[in-house]
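Handing you a structure now.
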Amino acid sequence: MIGLLVRRNLLFILMSLEVMVNAAGLAFVVAGAGHGQADGQAMFIFILAIAAAEVAVGLALVLLLYHRYRTLDVDVASQLRG
Amino acid sequence: MLKLLWLIPALPCAGFLTLAFFGPRLSRRAVALIGPGVVLASAVVSWSVAMSFFLAPPPGGAFVQELWTWMDVAGFHPKMALYLDPLSLVMMLVVTSVGFLIHWYSTEFMAEDEGYSRFFAYMNLFVASMLVLLLGDNLLLLYLGWEGVGLCSYLLIGFWYTDPANGRAARKAFYVTRVGDTAMSLGLFLLFTQLGTLQIQDLMREAHDQWGTGSKLATAAGLLLLGGACGKSAQLPLQVWLPDAMAGPTPTSALIHAATMVTAGVYLIARTHVIFEVSPTAQFAVAAVGAATLLIAGFSAMTQWDIKKSLAFSTISQIGYMFLALGVGAWSAAIFHFMTHAFFKALLFLGAGIVIEACHHEHSMFKMGGLRKELPVTFWTFAIAGCSLAGLPLVTAGFYSKGLIIWNAYASAGGSMVLWLAAVFGALLTSIYTFRMIFLTFFGEPKAHVVKRPGAAMKIPVMILAFFAAVAGFVETPGFLGHAHVFSNFMQKALPEAVERRGLGMSELGSEAVVMLAFLAGLAIAYFFFLKKPALQESVTEPPVGQAVHRFWFSDWGMDWLYDKLFVQPLWWFARINKRDFIDSFYAAVAAVTRALWVVLRSTQTGRLRWYAAVIVAGTILFVALALVAKP
Amino acid sequence: MILVWLIVVLFSGGVLAWIAARWNEAAARWISLAAVTADFLLSLELWRKYSAGAHFLPNGPWLVDFNAEWISIPLAGVNIHLHLAMDGLSLLMVALTCLLGIMSVLTSWREISQRVGFFHLNLMAILGAIVGVFLAVDLFLFYFAWELMLVPMYFLIAVWGHERRIYAAVKFFIFTQACGLLMLVSILALVFAHHQATGVYTFEYADLLNTPLSRGAAFLMMLGMFLGFAVKLPMFPLHPWLPDAHTEAPTAGSLILAGLLLKTGAYGLLRFVLPLFPEASRDFAPAAMTLAVAGIVYGAVMAFAQTDLKRLVAYTSVSHLGFVLLGIYARNDWALEGALVSMIAHGVSTGSLFMLVGQLQERTHTREMDRLGGLWATIPRLSGIAMFFAMGSMGLPGLGDFVGEFLVLMGTYYAGHFGLTVAASVGVLFSTLYALKFIQRAYHGPNTHQWKIQDLAPREALIFAPMIVVLLWLGVYPQPVIRTFQPAMQAIQQFSNAPGEAPPR
Amino acid sequence: MTAQDLTALLPFIVVSAACLVVLIATAVRRSHAVAGLVTVAGLTAAFGLLPAAASVAPRAIGASGAGALVVLDGYGLFFIGLILAASVAVAVLAYGYLDRQEEHREEFYILLLVAVLGSMVLAASSHFVSFILGLEILSVALYSMCAYLRDRAISLEAGIKYLVLAAASAAFLLFGMALIYAEFGTMNFSYLAAQMTAGAYPDRALVAGGLALMITGFGFKLALAPFHLWTPDIYEGAPAPVTAFVASVSKGAMFALLLRYFSSTSAARLHGVFLVFAVIAATSMIAGNLLALLQNNLKRILAYSSIAHMGYVLVAFLAAGDLGPEAVTFYLVAYFITTLMAFGVVAVLSPAERDADRLEDVEGLFWRRPVLGALLTLALLSLAGIPATAGFFAKFYIVAAGASSGIWRLIVLLVVTSVAGLFYYLRVLVAVYSQPAESAEPAPRLPLASGVVLALLGILIVWLGVFPGRVLETVQLAVASLRF
């Protein structure tokens, strides 16, 4: 979560997002283990799939950003305000 | 014949309507015919009604003609009804006859004025509303006439509207009379809520039965009605408007500000005399107001240079006499003085009109002089009226009516020595300023050359009025001069008899003698000051004290300045500063606050991604904390 | 069924006029004129039928009743009816609406030249909504019509107004809508309180009348509703929207604004606030009356301070409506009767004053009194009529306003508020100030700016004839109006008096 | 998966089939007309099959052990119907809008169908797994739809912002779910409800924390107060039809789930959670209305007003008793129609290169295009809650619900903020009715299909405003089935 707030590079933001989602997945696995059910792991697999989809679209957007602004600094894309 | 009573106010009203709507299209001749003609017709009808009233007096001495119910709201049902009794009969006769003469006079006086039809329309409306006032059966109808008359005086004073000064004088008149009317309307509310009716006759009966003498309610009602009367009749607290009202054309001053309207107050108090009988304090107040006004106006009249202003002040002081008479309980004397005053004061104004017209609209008496030879008819009629006003003994009507009032000021139930002295001193003042006026305008060397001779239409009414001014007195002569009580006997049915008080220090003859003395003294002083040695005037007014006194009296005892400072300035000041309605700024402030909030919130929309993420995280932390902390 | 016709005729007239305007604009004007006159005749016919002996229908003090299903939600037990009903009060109000409606169409004959169709659509929509307000007896329908009134009025001011019309229109909208929503909250609170007591959701006026309410709740609800109506009837602190809305609205707009919209406020107070919350309004009465008197005096003084003609006339409405409010809260027969008569008289006299100022503005293109002056010479007929109505608004006896004000003041005096009566009479005195200033500045005085303008054409003078007649008739013989209102007032009195307290005689 | 299950799932099947067909069609030969037609056909077919699915309702579908993943009851079907109808409107508007673009227009429909599928799953879900799956399908499709017009910089920016923030809030949501799963050991709403009502959960803090975290997820998706900062940027950046979709369908589906989740587990009655929701509602009403006061961009005004409207709906959501859910559902229906109308008008007006969202574009619209002007006025009046429009009755219903459950402070706040709200609706209205600036370029030709849709929406607004009885009945039926 800290990475998301601190870093300016879009790639790094995507990476920190991945970490956050996986952390939630891990929490599920632990919860599942606590109750001795397999649901936790099943949920984790779903989360992995979702994270993958997100990253795919994210990278596509990163490409577009670089193509347009020649930089990965996310603050460059802040025309919309007010 | 009595059935035609409703015709009397209806005729002038019809005249007003025709002139108002079709006036501009009618020729001058037609307007001159309709205006006075209608009033003449009304005068004729009122005389015939008077005749039938004399010959076959209706039962109970009064005749009521009901037209329609005006309103009927749960117990309050004033009717549009006309009530005729000796009091309103006399008033009606005077109003219609003097009214007609003045109309006839003004056909020529206003000849070259462009608002000709408008003038006669207003005059007819005035006569109509005055008659409604006089004949009104209940106080609400009287109030309707009362305000109508006020409106017409506003319209007529401000007749030459192009000059803003006239407009201001007209508005001043309306405001001051309106103050009086408000006091009167409060009186009406008090009377209705306490006694349950505004019908004058049963109001009087109720007042008599329910209120014991000296009851506070009666005093309050009396004082409120007195307030109304003072407003309309320009008595002490509210007399500032009458001198300025002279801005109107002279016939209007003659009709409204001399003969009829200003005496409406007298009529009101006479009509509701039971209330004043029930509360002696109110009655004494009337007497006090009368006496005070009488003196103040007398002094002010002496210092005026404008002939009409001087006449205006003399009217105020004469009405002061009438109030004095009402105050001491000499009801019929007051009405008698009203009748005589109407004749000679109207004549004085018409004469002044001729003089002003003759000297090319010159108002200042000091610039006139020696008109005796050029305007003989005017001079003689003016002189007769002047003597009648001053009270030339035995011959003029003024002497009898004023003498009667002065005698009653001492002799009658409410009378006292102080009042009598004030009345006598007033008589002295009256004769001084009257003769001052006559000597300044008609005697001495001619300063202004005469431009315009009065035509027949102006001379005949003046002569008729002069006749009445002289003759009218013999109707009511004091004891030692033939003891004729025709007038008071006639009034007997409507107004109670003035009762003599016991232990009188002096007889009627004595008081009449003193009055004659006062008249002669006044004549001498005036002759000595204004004709013999004009230089003497400067000697009086030169020293600073004399100058201060002169200025003080001239400006109506500083009343004008006082009211201006007290009421007019603060209102204008408030109007200037508060044009933008300060309540509005409160709502503007609310709008400003919302705008400021908007600016603050807008700044949160920075557009930077990381700032958004930070806010989301902060929000989450806050809510988790909130959820944990909150009690289950 | 006739009640529905009253509303439908107006709305359909508006739509027809809008469509007709495509081809020629005069047709649009004629259609809307026809619609309004038809309505006027309907109301007159109703009046003739019912003014004689006002007999009641079985279900409450109504003369004519129309009830139809509207929104019914059987599950939740909510059934809102399209319940229109007319009694003496609403009959007179509808007649006034139609009369002023005709006047507004006539005055805008020449004044509105662009987008005539849309103008008449709005005009008819407002009139229809106002008639709806006067007839609605189901609280939801009343609120529906109440809000519906705002939108066309907003358009009227915003599109056809003068310089600062946007500011004025928005201010008008927000003021009325804010308090309207407050009213909605109190209506709903009342409905739910009724639901608690009787278990059924109903917006029916008759059923809601005697819902048992705790003192505090009743006061709050009453306050909410009172504010909703007080803003429309510009009570003293809530009045700043009125001068702006009036000055910027076109003549027809300000005529309807002054003549009718202010009356809906007073009508609401009479019809809903007094009967629904008897004890609460009795406790609140002294406060309301003081505010009313403050409004009278403040309105009069502010009118005196203005230099813009329309703002002056607008402030006079604040003062006159102060009288109506005073009358309503004095709660006895004379005051209520007086309030009604002055409502009608004010509608006529101020409406005509606005029409006059409109005509003047059309000719001289200015409303500033300082630039006018000495017009009597050039336009005697218009100035004469202006003088007549100025006298009317000053409360000259013999004209409608005086009868109303006199009765109101008498009622207040009888209700024991001596101080208030004196203050109100001083207010009347101030009314002379502004009336005479209006005449003096505009018509009298020297013609410094050499105005050479063309006087009222006979046709235009004809517009004022009925108004003059009505005002005079009200002044001299107001009996028919009073008799029609009598039964309705009895009903309101009987509802609005707490069971224990006998109506003050 | 018995035959009944399949019939129940028919709408889902048809939509995914439509998506595949469009995929293959564009792969074979790019034709905008075909893609558009298939999408609309697919959606209407799904809508048509709803009664068939309703015949077997209520069906709980999912593995027997872990409890029903998806439950297709009256409530769910009602919202699915609502979503499908809205999507048809969006599709038609998009068709008109994209027609003016030059290249690659077909992929949009695939994304649209995916998003619709996601929101349908969301509306019908009753299990954490189906909840997160539906949410992510919807969100991922939306990321690319926002950034669809690649040549516009603001579109790209909107896409990036939406992706990052949505992903972050999804993470918080997941973590919250994990905490609740850790406490109760089950992810199915009905089982959760059973345990929660029992009230015997030892570790209250865990549950409260979990719920709070979930609220972030909900709050972000519904653009409620503290999480609303993204809304104006994405609304302005994304193309008009997409904004319409985001503003209506995605919020509607999310709120359906919120309502189902919280009314079944009656978690909202927990004092802490109630307080959180009250604070959110208050701040979003205030922020929403105040932010839009002097805004000049039409889409941003509508964005802020949608924040405020979500605040109003939250007030109804907090109202206990039977009126609450009804008010929410009815308000959502009215809100759907009005937002679609407003954004539809913007979509129809926008030329090829940029969206017509500045106030100048709408200047004097009523005199240039009377029909469009009237429709926009209707939408604005409905947003402002003026009678004879759906918005009025909806707002009336909410205040009624609030009054019945006695949450007076929120009601008064609602009244005050909605008055502030009037101001900016009037600002737009003034622009619509002011004199048209001569320089304004002629608005592009009104495509027939979108015209029909807009007209239909206009009629719906008025119909709902004047005779809401019919719709109210269906709403009540749907809500009745919610409390099984």
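We call the chains A, B, C and D, going by the order they appear; numbering starts again at 1 in every chain.
In the analysis below, a residue touches a chain if its C-beta (ideal position, glycine included) is under 8 Å from a C-beta of that chain, and two chains touch if they have at least 3 such contacts.
Treat the numbers as computed from the prediction; the structure is a model and nothing was measured.
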{"item": "Per-chain Cα centre nearest the global Cα centre, belonging to chain", "value": "C"}
{"item": "Result of counting contacting C-beta pairs for A-B and B-D, higher pair", "value": "B-D"}
{"item": "Cα-centroid distance, chain B relative to chain D, in whole angstrom", "value": "79"}
{"item": "For chain A paired with chain B, centre-to-centre distance based on mean C-alpha positions, whole Å", "value": "96"}
{"item": "Geometric centre distance via CA averages, chain C-chain A, whole Å", "value": "64"}
{"item": "Computed distance of Cα centres, chain C from chain B, in Å", "value": "38"}
{"item": "Contacts with two or more other chains, residues of chain B listed in rising order", "value": "602, 605, 607, 609, 613, 617"}
{"item": "Multi-chain contact residues (two or more partners), chain D", "value": "160-161, 164, 168, 232-233"}
{"item": "Residues of chain A touching at least two other chains", "value": "1, 4, 13, 74, 77-82"}
{"item": "Chain-to-chain touches, reported pairwise for every pair that qualifies", "value": "A-B, A-D, B-C, B-D, C-D"}
{"item": "Parts of chain C lying in touch with chain D, wherever the complex brings them together", "value": "70-76, 115, 140, 143-145, 147-148, 150-151, 154-155, 158-159, 166, 169-170, 173-174, 177-178, 181-182, 184-185, 188-189, 191-192, 195"}
{"item": "Residues of chain A that touch chain D when the two form their complex", "value": "1, 4, 10, 13-14, 17, 20-21, 23-25, 27-28, 30-32, 34-35, 37, 39-40, 42-43, 46-47, 50, 53-54, 57-58, 60-61, 64-65, 68, 74, 77-82"}
{"item": "Complex contacts: residues of chain D adjacent to chain A", "value": "66, 128-129, 132-133, 136, 140, 143-144, 147, 150, 153-154, 156-161, 163-164, 167-168, 170-171, 174-175, 177-179, 181-182, 185-187, 232-233, 236-237, 295, 300"}
{"item": "Of all residues in chain D, those that touch chain B in their complex", "value": "160-161, 164-165, 168-169, 172, 204-205, 208-209, 211-213, 215-216, 219-220, 225-227, 229-230, 232-233, 270-273, 275-276, 279-280, 287, 290-291, 293-294, 420"}
{"item": "Chain C-facing residues of chain B, complex", "value": "20, 24, 68-76, 80, 140, 143-144, 146-148, 151, 154, 158, 161-164, 167, 171, 174-175, 178-179, 182, 185-186, 189-190, 192-193, 571, 574-576, 578-579, 581, 583-584, 587"}
